[in-house]
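As structure tokens, here come the structures.
Shared between the two complexes below is chain A, which pairs with chain B and chain C, respectively.
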Partner chain A sequence: MASHGIPRVSGASLDKSEQAKQKERKQIDQYKALESEVTDRIKARDYSNATFQATSKLLSQNPEYYTIWNHRRRLLQDVFARELATGPSGPLIDETDAAAAQKAGLTLAQHEIALLVKEDLLFLIPLLKQYPKCYWIWNHRSWLLSTATQHLPVHNSSELWQGELGLVTKMLSLDSRNFHGWGYRRQVVKEIEQLNGSSMAESEFTYTTKMVETNLSNFSAWHNRSQLIPRILSDRQASSKQRQTFFDSEFELITRALYTDPYDQSLWFYHQYLMATLDASNDQALPILDPCTNTGRVDYLEREIDSIKEMLEGAEDCKYIYQALLEYSSRYIEVEAGNKKVSTVELREWLDELRKLDPLRAGRWRDWQEQLKL
Partner chain B sequence: MSLAAGPGRGHVAVGQLPEELKLVVDKHVAYIQSLDTRKDELEYHLTEHLRIGGIYWGLTALHLLGHPDALPREGLIDYVLSCLCESGGFGAAPGHDAHILYTGYSVQILTMIDGFGALEERLPDCKQKIARFVASHQQPDGTFAGDEWGEIDTRFLFSALYTLSLLGYLPHQRPSEPPLINLPAATAYIKACQNFDGAFGVSPGAESHSGQVFTCVGALYIAGELDSYLGEEGKDRLGAWLSERQLPSGGLNGRPEKLVDVCYSWWVMSSMAMIGRLHWIDKAKLTAFILQCQDPDEGGMADRPGDMVDVFHTVFGVAGLSLLGYPGLVEVDPAYCMPRHITAQISK
Partner chain C sequence: METLDNTEWDVVISGTGLPQSLLALALSRSGKKVLHIDHNDYYGGDEAAFSLTEAEGWARKHSNSTSEQSVFSKAAVRTLEVNDAVKSKLGTPRAYSFALAPQLIYTRSNLLQALVSSRTHSQLDFQAVGSWFAVVNDQNDPDAAPRLIRVPSGREDVFRDATLDLRAKRSLMRFIRFVGSYDEDGEREKWVQFREQPVHSCLRDQFSLPDAAIEALLALALPPYANIEPTMATVVPRVRQHLQSIGVFGAGFAAVLPKWGGLAEIAQVACRACAVGGGVYVLGKGITNATKSEVGVTLELSPGEKIKTQWLVGCSKDLPTSGSYTSDLKDNSGAIAKRVAVISSPLTSLFPPTSEGGPLPAGAVVVAKSATSPRATVQILAHSSESGECPTGQCVLYATSTGSDGLDVIDEAISSLLRSIGEEPVPDILWRMDYVQTSHDQSDNGLSVDGPIVTLPSLSIDAVYEDKLLNSTKEVWQMITGGSEGAFMKFEPREGIDEDEADDG
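Here is the complex of A and B:
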């Protein structure tokens, strides 16, 4: 792909020596020869183990070469189809395999498919570690698992998906913001839930708690948490009171975090997520409180405005605080006709501070001033 | 066209003050022209799967720089045609499998070089065949797969819509024919990818991400549903999230607490332009940031000052400058990332 974060090289090192050029020419020749080998074999529909090994070699050198991943899947599909067609009375049955299959409660074809899938999953692990942002590797992994799920009994495919949960946990411990990793995690959880017929929302929620405790700034974890909350509450069949208690404990958590670092954007977005549930005009807000009455809204807005005002002490130069105060106050004024909490003078002061602290977004503050008629 | 990184690096020339930064147009043109002469580098061969994308990025940059003819037209047509697969889709290079993304780039290139006539000779009724290839990837829930293997991503949905629109095969462009795709289902899927912060993720439930915001906003823009789906409040909310991507360096990042990058700068600012909120960031600082990412000696732009240049960041840097009104550049269309005078001819 395009180069991201590849540091500069000095001009001198760009001028390659004749020796280096020769070495590179040799590498190119070897690479092109390997590419032709794979392409020729596939054209000839040679779906042998030798072809499979050649794709492994090529993909290890270049995991972005999507057509080769496609060829690898075509080959695997062909092998699986042959396994399934051969049936239990096939001519080439290895007795050890037959015994192993029987012990595992699988047909011979299933046993072979499981072995091949597991082998390919293992092949991908070092590649994933080396190229954690390569779409095609994640994509191939997901195809292997889905294909296995089609052919294997629930117990076996569920075991495979469980293994994936372990893998993705490891991947996210290496890069806790990896976009592919979080997406894959949601897919894995969904599959396990479907296969086992039970929700994993609680354990996934605990996982996000662990992740944000390790690094408060991990918005990917906060995001996932935000998606799990409505499900947890529904799984628990939480009463109105229990929902409120839950909501309050989330506010406690985020307020503590904000006191630790009010300059962290991720935390403010999570606070916004909680506040969005009180905002009737936000049709993408997720439901937490039930019912969410106007009196409830006013109470929460008042409480949060007070709490955020307190945060100002010692963090007077933190623009997010003024932003939050303005945002929540304007919503408060909308829902509470008899507003006694915020004065226009205060709103103007906050906006002035914001302008001073954050001149990059001057245009936004100007539009806001007009909207708030300040 | 090589996507190999380098050879140069983005930096500020010695002794130059930031306010003296200038776009080195001729050097960027020469840099793009030189890209196909790098066959002696291993990376040229390792990046073959991006060749058609590289041509689209290079050609668009040249158009915006005011040098639309700097690459030989015949060579481009031959190359694009050599990527055509039997299915009516295009692969990333000759012999590579068809994919919705590379079909999109191919159609963008053919549109910019007026190459459909040449394609028609090879493939009669070519526009309809390509459109049918694209449409065949729509899923029951409205979204699009990237290829026959079924990967799902809002990038593919966006690619499908702009490709069909360039070909003139969106339902509203052919009101008398049965629609090739279910457009309301596609836009409903986009809505399902929107989060409380107003921004969009790669699929329903996924974290907001600037690249995905660009594809979703672009798709709604092309479908003509931006106003009806977002409204002023929705635009304010999304605009706020997008404007927070600007960091003190002037560059924009892709998600909270990530590094700035020229490519994210484009995806964020083009989305802001489409929703009419581009004035919510500091344009002068962003202009300076992009200019600092160019290699003033060899041409090309990098993701950040000091890093290796490549054609991908070069086009998004140039397109960004065009959107910011940098003098002398051809105006860019924020949704298609193509010259505005060309997209203005798309049938409505």
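Here is the complex of A and C:
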């Protein structure tokens, strides 16, 4: 199985020999035994290192088993609590540990927690590589780091989160469209920003540029870009003129992309986002222009409708173009009742093309026809 | 060692070039008794890799005109007129590994699939071939420095390319989409019409592509070495192979090269697999005579040993040429000139990263047209020191051209390339080796079977590894083992090797 060219399984062949089948049966038996070992130990409130190791073994085989991740967190919490309760004069203090903790400016408990967290983060890396779309692995990382942030000084937790940013960048270079990765990246960036007290919107924006230049069909990168724009503009304290320049350069970018490939839906989504920021009634998209006047709206709508019309040449079979033309035209008619730019004849033609190109959505096109009173 | 005299074999493979070695790999689990010999005292045959000293020895051996035994001739190592400071940059002989077969392999090629399914890929190191370039001379100003243009090799490149205006981007993408669907129902009519048209006029008139974009596409297609204008039928499938290979093994590259000396590495690993499976290897042993009998062939080996085998397989140059079994391959004198050149600069601008977070390429392709004879094209495969073929701070260029003046054209092209890089001073050639390689005119699969004697097709001398080679390996493997097509090169892990571990590798 593969989606957008990224294989999802490790390529195990389906037609197995008898020998391989036998091996698999043996593995299943071992797995079952391991599973009951873990659940029995947890039931017996055995929070020992042996139980912890057993969860590692089980989760390596089946990271989708979320109950086991819960058990694992309970075990870790138990260790953390014990470390914190022991205090500096506990009976079993290793002198080298104590020295290391002192050197790092940490209490002994903090030192131990940091070690355990780092160890568990390392344990997750091969799993994450093998199962990059498993919710529970991402979730467990997030829990480890949040817990570390609670217990450790800012300097140490910030270092951990910085490491996470490196990891998620690596993961996104392996699969640039992994939305788990993008969501996690936003969380990591937010934490670092909070810990350091400075915005990373600019560098993250540059990162989305690099990512779409590597692969235009990246819904997540375009989405992230749109989320960063209002923050960048406010961070920069951009003037009206600067906002307009920014807006224009985003249109230039997406127009270049749409000329390159008008058949790519992710690009149209971003174009729609830019257009939506002009729409006063849309509270999902913060305006980029400030002030966003009616004249400004009309100007941009006219310009984009013209530009998209030109895009039709050589791509007459691209339904997204007609869809965009109709959508933006209906908004244009709303704000500019004079209706100079688009004629009813054109609207009908576009709708006819859509009916031909996408007959399965006939109902939708009929609705549109009624809405536009064609 | 023990004598081979009077031994009996199921299969004798002659020559350790890539075609023969792939057959050895295919037979490595067949239970057949395999003897694999080579008249050379090194592995790899026509696809071998050499250190600097070995290359000099090889060149001396192939300095004369074409011999019966070899496709190589006119080999010569040239010492350039450079001052001592430049000469001293040349590393120790062992620091170099020059590939006779530096062919690039597209990521969708059947060769890579076979290496994975036969579990040999983990013994190989593949590196990305990242960028394609065209060296363009200014038509109006012959004194102007030639320009190096990166060929847009996919949608994102077209999007980023600042030299293409919006319309050119659109036209280029329209052609690229056609390339993806030319054999489908909707486009078939168009394809029938375009197939035999010369590339330049068709792309200009039918796809409104500007001249620069046409040259770029031709560099991407790397058409076979020939002095005639290629047709759409030659170019379109090659562009398709390129585009469909991008991103298969990682972002930003379409082709790979095996580290440490090109296809020689694959041949070696394949031989090793056959040896692990019980195959016997003897170097420095050729076949002087072969006589067919009812049950197979009787062979005379070089020092007078006689052996028997059910099958004898080799490329035509590795099999005795006299007797009734000579293959009907014609020597069609498709001679091409080749040059291996060590450059005094890493030429970093040829190996830029091609994607965010992707691998740093170790290979690049440069296509240069001659200013003096415009039909002549030079294809240059550039390998960085990451390929393990030269010390850091240098790179190796493998240049190829056709025709009798091939070497002059190569001279011109390399000099244009070195000037187009924009480095000051212009990098020097520290060492170079020239030779001529003759290709056989092969029928579609080039395989020829005469009873128990099978002649394998040679590797195509083009810049790109072609899938037909492995297809004929499969045919021969089926002939010998009777195995089903689906089982070809599909191996389970060997006893004692943990499957999971093998997969992780």
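The rule we apply is simple: the second predicted complex is superposed on the first by the 347 of 374 C-alpha atoms of A that agree within 3 Å, B and C clash if a C-alpha of one lies under 4 Å from a C-alpha of the other, contacts with A are read in each partner's own complex, and residues count from 1 in each chain.
Here, contacts are C-beta pairs under 8 Å (C-beta built on N, C-alpha and C of every residue); 3 or more make two chains touch, one makes a residue touch a chain.
What you are looking at is a predicted structure, and each value in this text was computed from that prediction instead of being measured.
Look at A:234: by the touch rule set out above, it reaches neither chain B nor chain C. Once the two complexes are laid over each other on the shared chain, residue contacts for A:143 go to chain B alone; chain C is not touched.
When the two complexes are overlaid on their common chain A, residue A:179 makes contact with chain B while staying clear of chain C.
Of the two partner chains placed around the shared chain by superposition, chain C is the only one that A:216 touches, whereas chain B remains out of contact.
Of the two partner chains, chain C is the only one touched by A:20; chain B is not. When the shared chain is aligned, no partner comes close enough to touch A:36: not chain B, not chain C. Counted by residues of chain A touched, the larger count belongs to B, out of chain B and chain C. Using the contact criterion defined above for the overlaid structures, shared-chain residue A:194 touches neither chain B nor chain C, since it reaches no partner. Residue overlap on chain A between the chain B contacts of one complex and the chain C contacts of the other covers 5. By the touch criterion stated above, chain C contacts chain A in their complex at residues 116, 155-156, 158-160, 166-167, 169-171, 173-174, 177, 247-248, 250-252, 355-358, 490, 492, 499, 503. Put simply, chain A touches chain C in their complex at residues 5, 10-11, 13, 17, 19-20, 23, 169-170, 172-174, 176, 207, 210-211, 213-216, 255-257, 259-261, 263, 311, 313-315. Residues of chain B touching chain A in their complex: 3, 5-7, 9, 11, 40-42, 45-50, 91-92, 95-97, 99, 147, 149, 151, 194-198, 202-203, 205-209, 233, 237, 239-240, 243-244, 246, 248, 250, 255-259, 261, 263, 277, 279-282, 285, 302-304, 306-313. Only residues 1-9, 14, 21, 24-25, 27-28, 31-32, 39, 61-62, 64-67, 70, 73, 135, 139, 143, 177, 179, 182-183, 186, 217, 219-220, 223-224, 226-227, 264-266, 269, 272-273, 276, 281-282, 284-286, 359-364, 367 of chain A touch chain B when the two sit together in their complex.
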